[in-house]
Every structure is written in structure tokens, then in C-alpha cells.
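What follows is a group of structures, each given as C-alpha cells.
In what follows, chain A forms one complex with chain B and a second complex with chain C.
On to the complex of A and B.
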């Protein structure tokens, strides 16, 4: 190797290659060094930030507990704390987060007091800035804060965020509508232009569980332009036993969109609608396996043995899964 | 002499608030952040009341309640939990807890219930 090096360096006139190699190696080493320094800087920065955060939380917890439970707490202390300890962005962010935790854990007088404190510390300004931010995670965080603190914002802003391009922002915005509307928690659906994700549907269902007013009539959105909204509403019609809306779901049994058809069949099954069986019997042969399985389940639960037998001629070319489903239904009737 | 209360809770915010509030009410408060620490604390101390969450790291609240009821059956227990399901609440009462408070909770209400539970002993 050494000989080859000497040969190149002294005899071939190619010494520039060696020099170039040395230069590249040095640059590479420098780059690694810079990268290591950058990583170290990030770690130190993060650690210092965490220390500052912990110190602030310590002070903040004492302050909030004093404010909530100390009868000798002086009102002037709030302004003093705001001026001295809620100045930087980090302090505002941490304070908002902690206040949200308190408000989620407390109810009654303590909850009302903690919400009052949020405004006295002028943290609503940060939330307003966040919802106007170009960064999606700030918009989502801002909406989360605003809805949990019960702040009403301009309708146009809320609708814009409801149809935001980021799903996380849309989720927080629809929760805002549910939490803040007194009588019509789902009226935001009229203004929803984006699809309703499964995750969002779970959140709405969860919010409706604790909703104390009258549950909305879900048939109002059965002609929505988003199929996901229609599917959700069909599901809720059966979940909340809205029997008066069954007739409006029937047309979906023959809907060209598979998921709506499936949801409609499930709805009929849960609501024990026997009239729907005659309709699904006519479409059985032309359906795919998923729908066929749903149809057999529907007949098993709300139909008759004769209706099930009407399918036996249609099963010839079908796969094993459908035949097994059919046999299960048959066994149910012959028991 | 101050009455001694053991608070078993893993949420730092709830712990700090309970500690503050109960201290203000004139009680001596000892905190355990999980079930294991709670068992160790119970070995070496006597408490007039235990306030515990049900979902705890290492040892569940139910296991802890069972242990307390076996070792010191007269110690009143208040459960402070997010669980709202009827069966969970019923199970807790069957195990012998004196009170069940669901989160979110009112600190003033908790304070009164603590007072009532301690009044019984």
C-alpha cells in the first residue's frame, strides 16, 4: 500500500489526487465534529429547557393551589405572578397546559376558578395567536385550549378550522363545536366539507355519551355530501334507537356505495326491522361477499327460516365463508 | 393530634392539590405515587384514612384495598378514580371502601367527605 502511495505521489504526477483526498477527509472530519457539537448543543438546550420547565411547574403548582385553596390568598398575587412568571413563550405554554390539566380534573367551584385564572393570566391571547398560526400543531393546540376553556371564537374562524387541511386541527375544531354549542352540538356537520375519519367519529360518540341535552335527530344529515357523515348518522340512528328514522335509512339498502349499504343493513339488524329483509333478498345475488355476510346476519336475527332458504339457490358459486355464515344462520333457526 | 391521611395517586397535579388542600384542612398527608410505595408506607405507619386511585402502577388500587382491609379493616378508604362504570363502583363498595369519588372531582366536596369518613372512626 505504501509503495503504491509513493508511486502515485512521486512518479505519476497524480499527487493532486492525494491532496484532494486529504482535503475531503479533513472536511469530512470537520463535518462530523460540527454534527457532534450540534447534537450536544441540542441536548444541553433540551436539558436546560426541561430544568426551566420543572422550576416553572413547581412555582405554578404552588401558586395555583394557593389561589384555589388558601383563604388568605391575595388577589394582587395574580397580577404579580403574571408579570413575573408568565412572560416567556415557554412559561405561557407550560402554564396553559397545567391549567388545562387542573380544569380537566376539577369540577364545581374549583373548575370555575381555574378558568377565571386562565383569563386573568391573559393566556387566551396565546391561544388566539396559536389558532392563527401557519403551523398545524399550533392551530390544533390553540383549538384544544379554546374549546376546553369555553372561549367563543368567530364563527367564520371556527368553520375555516373545521375544514382545515390537517385532520388533527379538524378534530379539535369539531370538539370545539360539540363542547360549546348548547342545543345543537352536531350542527357543525352542515358545514363539514372534509370526510369524517373513524377517529373523529369515536370522539363524537364519546362526547355524545356525556351530552345532557336531547340527542340530535341524525336523519338531518342523511343527504350530506360526505358519505362518511351519512355512514356515521346511520350508525347513530341505531345506537340511539331512533325508530322514527328507520324509513329514511331503508333507501340506503340499495345504495351503490358499499359502506353505506353495509351500515344500513347493520342498522336494520340492530333495530329489528323485518321489512328490510325482502329488499335485501332481491339484491343478494349481485352483492360482494361482505354485503352477503351482512345480509345473512340480518336474516338470522330479524328474518325467518323461509327467507333464509330463499338464499340457498343463490349460494352455489359462493365461497366457503358465505356458506359457513349461511349454515350458522340455518343452525340458529333449526335449534 | 393531627389525623394522618395516606394519598395514593400517580397524577402529580392531583397529588399536589390534595396535599395542599388536606394540609390546609389540618391533616397530616403522606403521599405514595404507586401501589408498591403505598404498601411499604403502610407497613411502617398507621393511617386514619386512605385515599386511593384504582389505576395505579405496579399494584392496582383493588389489590391495595384488599391488603388494607385484611391488615387494618377499620381504616376508612375513599376511592378517587376516573372510573364511572357501575360494576367498578359496586366492586369497590363490595370490597369495603367507605366512599367513591369520580374524577373530575370537587376539592370542597372531597374535603367534606374526608371529614365525614374520619368522623366515623
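On to the complex of A and C.
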């Protein structure tokens, strides 16, 4: 250390440090100035881009209004608009986005016209390119466009995207299946190999609420290899009051997987199934607090006071949380 | 070893530390840039907003502690009650306020005592009463009145008494973006691993135009102190947490707005009432527990501005806040010292906790000793002004460069400050901040260390101007 010190201090002098520091400071200062310039450039670039976007949206709005509502609108105008105004990447992106908004807001004939316009402007080519992309966010965006525009794609491509490694692509793909299916909106579940996230389940539930045809029989997937799919189906059985499937859910009351057991108990509660109480009474003692709470809630809503009292023998030890749940249920019966 | 050698060794050690810390910042900047780029690219159009009409989203309990908030509590709660989310309850915890906070809430929201049985999973100070509204419009409001025990204790009382499995802890005077709850919930639902908590970007609301509890126009504050904190928030969120989120090494979800998995929070023991950095400590404890149980988990981070908060505009108040933050950091690192450099905790043990120790806790201390060292050299007539000034220039320009990079990240990503003059003012602030603001924050941190050693563990008063107002208002 001392030798190193001597070398640096006495042999080299300290001018080099000062020089180096000045050089680094100047470099930092240069970077600061460059960054400031870049920030200003970015601001100008974004502003110009926004202006271009706004101008394009204005033109597009006029064009679409004319296309939809002007009785004297000429078909040739579409081709002219495509050639002159749907050329750059930005224009294609903005036009697609706007048409998607129109398509969501219009129903019936206007909706069909908007979809027709989408094809006439050859925007489907962009969507096809996107779903074939190696970048996952483009695949997701492409599927989003395709499903909202009601474009049928090859079955094999759709199934591949349904089992994509990115959850966002899978979500858009399963929405594609629901939106485009005429009769069997959930048949994609047979081909689903990845777990269903709760976020995806909520999207499916939401899409099913606006589904006009007959709601599928959810018991078909109660033996699916993905527990998340089974859990989802149990939940839907109660959400859509499929009483005929209650018997098929009963075995899940004793399922080793906690989330399925919990979903099954909740399903029984929502369906008002009193027969299930006797089953859960037998498993109560060996369950954890989450399941015990669900069981007490089930008894409170569909069971009797006697059934609740049967649990009192099981409430040993100092499990205060469960005792309070029990007392709440008791309070409910004695009110 | 002679005296001169000692002085030179000290100089070299300071230099090495400066190089290490600068490299750390550089890495953080690179990682953050990659994360922001990814976020921008991946911001695909989806139908997520339509989910705000969905009844299938999991309900959320929003916990808002209040202490002596008589002046603003009603407006703040009314603003919270307009949150855009299909199913939620607002739990306001009156932490033994000495003013009329509770009475104002009772009178405004027609509250009556609810005598239902409740289980206290986490021990807290005495609960004097739980109130529910008789008014239908406020059916999702619960007010807990309890003996004073601090913010952590109040939040624990909220956790004990709330109904839902997801809890969102929030400062009562925060302003939320319209879809803030939906965005914060999404990591919990869209992940194959268990998500224990999620947080987002917090922004400074000072000087912004606020109407009916919503930000109408983002403005840059006139006060230098608030502007300096805006830069600090840019650096912390756009350059710090973005990078940690990419590495899954986040140790802090801001106490102003964060969501937690209630079951795991209870299992970890809830908020620690013995530390003033309860937000950081809880997350570290939850992460530690999950790691020790060898359960796969993650912490979600939404790189969107979700919540706007008021920052101190007085030096005295800022001093108290930074003093507290330092004590909180030290306490957390001390409680979880077992994790430091422990490979068992992977990123947390080998990167996150060492980062917090060297960069957050030790940095001001070493900087302070550096200043003392310079003074000592000067007093002894050993200060080489040329060398000193050359080093000072390097450090100064580096810190300006770091802040300008943060402004660039903001401009590249969210561009919230729309007026061109704001850019110039922020750049000006970046040049002034290392000289006028940073030494003060460093001193507050040093005082925090001294106070902790002396056993001080109070929060100190945080006076605020107040944000929420039913009328259009500029804070």
C-alpha cells in the first residue's frame, strides 16, 4: 500500500488527478447539455407527433362520419383515403385504434359498416403481421384488434397464441375465442394448457355477461387438468345458477386442494345447498382457519342452529378467530 | 504509518466510496431505462377499464388513518368515497385525535356504533368503537375510533376490522388517479405467483389544480423546496424503484398508497408499532417470511403515477420527515440485519439490503464525514484547493447529470409537466439542488441517526397545507 502510495504521489504527481477530474467534469457537463437538448427535442417531437395525431384523427372522424351518415358518400373515397391518409405506421396505428373505438360504440348496421371499412382500409394486414410477430406485445395487440373486429384466423394459430408464454397474449386469445364463437364460447378451455389467472377469469366472466347465446354447461371442465380452470367452473356454476351441476361439485368439498375446496363451499352457500352441510361438518376439525371460516359461513346461510351447535365440540383450544366466527353465526340464529 | 499517509488513505477511501456509489446509480439508471422502455412498449390497448363496471373484481378495503385532521377529514373522506372501483369499503381510523375529527365524521356521515363481534388478529391499542353509517350513500364507510398508538397501530386496527382480503393503505389526504385501485389490484390477479403487495408511482401534488378530489392540471410549484422534492421523487421512483422492480428486489411500498395481501400481512404480524418506518419494515418482514417459508411470491409495481401527495413546503417540516425516514431505514435494517449479505435471501440479501445500507443509510454519514474531513484539512492548512475543487466539480456535475437524467426519464415516459417553461425550471432546480437542498437533507439524515442513538422514536408533527377541497383549488 505504501509503495503504491509513493508511486502515485511522488512519482506521478497529482496533476493527473486534477486533469482527470477536469476531463470527467467536462464530460458530465457535456452529457448534461446533450441530455437537455435531447429533452427539448423529445418535447418538440412529442408535440409534433401529437399534432399529427390530432390532425389525423380530425380527418378520420370527418371521413368516418361521411362514410357512415352521408348518403352521397362515394365508395371511391375509401380508396382515396387509404392511399393518401393511411400510409405511415402512425397513421395505421391511430386509424386502427379509432376504428376499434367506433366499433365498440356502434351497434347493428353502423358496426357492420365500420368493420367493413377496417378491411377496405387494409388494416387487417397490420393485425395479421402483428400476431405473427416475435414481440409479445405486438402479438397481444394484434389479437386484441382481431377479436374486436371479428376476424377469423387459422385455428392452429389461435390455439398457439392461447398457450403463449406471455399471460397478456393468452388473455387476448381467450377473448378472441369467446367473442368469435357462435355456439361454444368456452370450448377453448379444452385446449388450454396454461393456468387461468384470476385476471383472465374476470375478463371471461365479463365477456360471458354480454354473451347472447346459451351459457355453456360448466361441469364439462370439472375434470380439467388445470385446477384454476376447475375453480373457475365451480364459481360459474353458482354464478349462473346451474343447479343441475351441484352434485358434480359436491366431491370437491373434500378435495385436497384448498382453493378448490373453498370454491366448492362458496358454491354450495350461494346455491343454498343444505345437503352439503353434513359433509363439511365431518371435515371441519381437520381444516385450516380459512376453510373453517367458509364452513361456518355456509352453515350460517344454509344450515340450521343444530348443525352449528355440532361444531361447538370442535372449537377446542385457543383459536379465537374461529370462535368469534362461530359466535357471529350463533348470534344470527338466535336473533 | 505517518500522518500524511493516513490523510491520503482517507482521501482514497472517500474516492473509492464515491466511485462505488456512482456506479450503483449508473446501474440503477440503466435498469430503470430498460424498465421504462419495456413499459412504454408494452402499454397495449386492452379492455381493462371496462372492468371497472365488473362485479367480479375482488373487493378492497381502503385503510386511511387520521390524526387531528378535523379541518380536512370530511372532504378527504368524501373524496375517497368517490373512488372509481366496483367494490370497496373505506375504513377511516381515528387514532385518538385530540380535536373533533371523530365528531365531524359522526355528524357528517350519520354514524352509529356497530356492536358486531370482531377478532383482533394483531394486538392494538384499545378500540373505543366501530362506527357505520345509517345513510345508504355511505354504506361502505366504516370509522374506527381508538386510543392513540401511532400510524402503524392505527393501520393494524384497520386490518383487524376490515372485511376484505386485499387492503389498500393510504394517507387520508392523498389524491388518487381514476383507475388507481384497478391498476394496483391487477398484479394480485394476473400473476401465477402469490403477490404479497403492490405499489405505484407517487407524485407531488403541491401547486396542482385540484377539483372535487381530482387533479385537473399538473403544475410545477413556485417554491424551490417543493420543486427539489419533485426531482427527488423522479429519481426515487423513475430511477430507483423501476430498477428494483425489474430485479424483483423492492423493499419499500410507499406508505402513502400501497396494497397488501391481508392474510400474509396478518401472518407476518402486521405493522411494527416500534418503528417509524413501518411501511418499509412491513414489506421487508413479509418478504423475509415468504422466503423463509420457501413460498414463491412477488411484489407488484405499477409504473404509472397512481397517487398524488403533498410534500413539505417548510424546511422545518422537511427536516422532521427526513429525520424520521432515516430512523425508519436504520431500524428496519437493524431488525432484519440477518438478511444482509445472506445468499439465502437471494436478491434481497445480496443486493437490496446492502444497497439500502450503503446507499441510503451510510451515504449521508460518509458524506458528512467527508465534509468534516475537508474542514479538518483546511484547518490544518493541508487542503489542496486545486484538488478539492476538481473533485467537487466531478461530484457536482455527476449529481446534476443524475437529476437531468431523471427529468429525461419523466419526459420520455409520462410527461406530466406539460408547459415548456416547467422543463427549464426543473433543469434550473437540478443545478441548484446539490448546493442548496442536498446539504440540508444530509444534515436531517445525520440528525436522524443521532436521534435514533439517543432513543427518540416519535413521528414528529407533519403539518400540511391540505389538498382536497370541493372547490377548484391550487395548493
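As a convention for this text, the second predicted complex is superposed on the first by the 321 of 335 C-alpha atoms of A that agree within 3 Å, B and C clash if a C-alpha of one lies under 4 Å from a C-alpha of the other, contacts with A are read in each partner's own complex, and residues count from 1 in each chain.
The rule is short, and it goes like this: a contact is a pair of C-beta atoms (placed from the backbone, for glycine too) under 8 Å apart; a residue touches a chain by one contact, two chains touch by 3 or more.
Note that the structure is a prediction, hence the values are computed from the model and not measured.
Asker: With both structures lined up on chain A, is it a clash or a fit for chain B and chain C?
Answerer: Pair status: fit.
Asker: Should A:266 be classified as contacting the first partner (chain B), the second (chain C), both, or neither?
Answerer: In the superposition, A:266 touches no partner, neither chain B nor chain C.
Asker: Check whether A:53 is in contact with chain B, with chain C, with both or with neither, and answer first, second, both or neither.
Answerer: A:53: touches no partner chain.
Asker: Would you sort A:61 into first (chain B), second (chain C), both or neither based on which partner it touches?
Answerer: So A:61 only meets chain B here.
Asker: Between chain B and chain C, point out the one touching more chain A residues.
Answerer: Of the two chains, more chain A residues are contacted by C.
Asker: Would you check which partner chain A:320 touches, where first means chain B only, second means chain C only, and both and neither mean what they say?
Answerer: A:320 sits against chain C, while chain B stays out of touch.
Asker: Check the residue A:297 against both partner chains and state whether it touches chain B (first), chain C (second), both, or neither.
Answerer: neither
Asker: Is A:201 contacted by the first partner chain B, the second partner chain C, both or neither?
Answerer: It touches chain C, and chain B stays clear.
Asker: Of the partners chain B and chain C, which touch A:100 in the superposed model: first, second, both, neither?
Answerer: A:100 sits against chain C, while chain B stays out of touch.
Asker: Between chain B (first) and chain C (second), which, if any, makes contact with A:32: first, second, both or neither?
Answerer: In the superposed model, A:32 contacts chain C only, not chain B.
Asker: To make sure I follow: the centres are taken over C-alpha atoms, the vertex is chain A, the ends are chain B and chain C. What is that angle to the nearest 10 degrees?
Answerer: 90
Asker: Quick check: superposed on A, how many Å separate the nearest Cα atoms of chain B and chain C?
Answerer: Distance of closest C-alpha approach: 8 Å.
Asker: Give every residue of chain A touching chain C within the complex, in rising order.
Answerer: Per the touch definition, chain A meets chain C at residues 1-2, 5, 9, 14, 17-18, 21-22, 24-25, 28-29, 31-32, 35-36, 38-40, 42-43, 46, 97, 100, 135, 137, 140-141, 144, 167-168, 171-172, 175, 195, 197-203, 205-206, 290, 320-321, 324-325, 327-328, 331.
Asker: Mind listing the chain B positions that touch chain A in their complex?
Answerer: Contact set of chain B toward chain A: 11, 13-14, 16-17, 20-21, 24, 103-109.
Asker: Considering only the defined contacts, which chain C positions touch chain A in the complex?
Answerer: Within the complex, chain C touches chain A at residues 1, 5, 8-9, 41-42, 44-47, 50-51, 54, 56-58, 116-119, 121, 186, 188-192, 263, 384, 386-387, 390-391, 393-394, 396-398, 400-401, 404-405, 407-408, 411-412, 415, 420, 423, 427.
Asker: Where on chain A does chain B make contact in their complex?
Answerer: Its residues touching chain B are 61, 64-66, 68-71, 98, 101-102, 104-111.
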